[in-house]
Amino acid sequence: MAVFAKDISLKTKGNNEIYDITSQVQESLKDLGIKDGILTAFVPGSTAGITTIEYEPGAVSDLKDVFERLMPRDMHYEHNKRWGDGNGFSHVRAAFCKASLTVPFIDRKLTLGTWQQIVLVDFDNRPRDRRIILQIIGE
Amino acid sequence: MAVFAKDISLKTKGNNEIYDITSQVQESLKDLGIKDGILTAFVPGSTAGITTIEYEPGAVSDLKDVFERLMPRDMHYEHNKRWGDGNGFSHVRAAFCKASLTVPFIDRKLTLGTWQQIVLVDFDNRPRDRRIILQIIGE
Amino acid sequence: MAVFAKDISLKTKGNNEIYDITSQVQESLKDLGIKDGILTAFVPGSTAGITTIEYEPGAVSDLKDVFERLMPRDMHYEHNKRWGDGNGFSHVRAAFCKASLTVPFIDRKLTLGTWQQIVLVDFDNRPRDRRIILQIIGE
């Protein structure tokens, strides 16, 4: 049993943009000398989240719309009043989506469904340089 | 320290139906020769999710209602326009609920509360054969 | 590779109150003789959840407001009709937020962003004595 830390760097546009990171996550399992275990993908920062979705333009657009509808950009947010950076909506969306996702892998392959991709959602209101930590434990 | 992969098969009705899988998950910890660790339950596919709830008919019905109210079946979804399978609502609900849940176990017992059950929510708009991966790591 | 179980005890006020548990979680990694791995924070019970947020009064207040707006305390809940304890809203909020969060640590330090804290949200409608399980796996 061993633990390996890898990471992914990503320049994002913010503003609810959704990025498919599946191939990079799958790639991280190569050449580690382990076959079975779990991978935790975690994004440091309080304005982004990680989940899975079928990464096709329709579903991706629908997910953005849900966040916009349920936690609108233009509502009153106390965070904005105090900090003036205008990204109060980003903080509540990220707290809902959560920064962490753990996925099992078997025989060096993530156990995702065929139409299921791992995505980063960047809720911030400006472009960001994101780093996603991949912590891999297995044997 | 060792890692074990188990799985649960489940025929679902889809349509927001919620299934209590606690006893099968607890059962998976038997006879592994390990006492303490974590179990990750993960559902492959982009129209189902895993969480915990008090599995009594009232709370179960309330949770279905919340998903229906916040991400209604009959709204416009871009996914439907492109794919014609009518399950756009299923995709956004699943992305919100997320496909993964990690639960610690101590002395071979999941650390759930007395009234807390692990559930699969099947958001799809038709019956499905689901497989839930249980990846268990411990010693 | 080794596994360690720790816990945090917390007297809460319930009613959506949000508690920053970051320093206690970070503290739990001390003196274990391991450097790298993952920590799963899990709250037993079906009326609380764990996530991350920038723990400043504005964002904390905004997150409470979102839960109140999307899953209002005073709606009709079947759970209330059956159990009479009036905390139907707590159950659906907790099922949405989820009881579990897994965070990688590297060189004995949680990989959180500078402005990202781990929080317990107590959705119940009364004060509670909470115990949060921290299951730590690493080497």
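Note that the chains take the letters A, B and C in the order they are written out, and that residue 1 is the start of every chain.
The rule is simple: contacts are C-beta pairs under 8 Å (C-beta built on N, C-alpha and C of every residue); 3 or more make two chains touch, one makes a residue touch a chain.
Computed from a predicted structure; not experimentally measured.
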For the sequence-identical pair subunit B and subunit C, determine the rotation angle of the Cα superposition and round it to the nearest 5 degrees. 120
Subunit C against subunit A, contact positions shared by both copies (same if over half, else different): different
Compute the distance, rounded to whole Å, between the mean C-alpha positions of subunit A and subunit C. 19
For subunit B, residue numbers touching 2 or more other chains are 1, 70, 96, 98, 102, 137
For subunit B, which residues are in contact with subunit A within the complex? 1-3, 5, 40, 42, 44-46, 70-71, 77-83, 88, 91-92, 94-96, 98-100, 102, 133, 135, 137
Which subunit C residues qualify as touching subunit A in the complex? 1, 36-38, 51-54, 56-59, 61-63, 65-66, 70, 96-98, 101-104, 106, 111-113, 115-117, 137-139
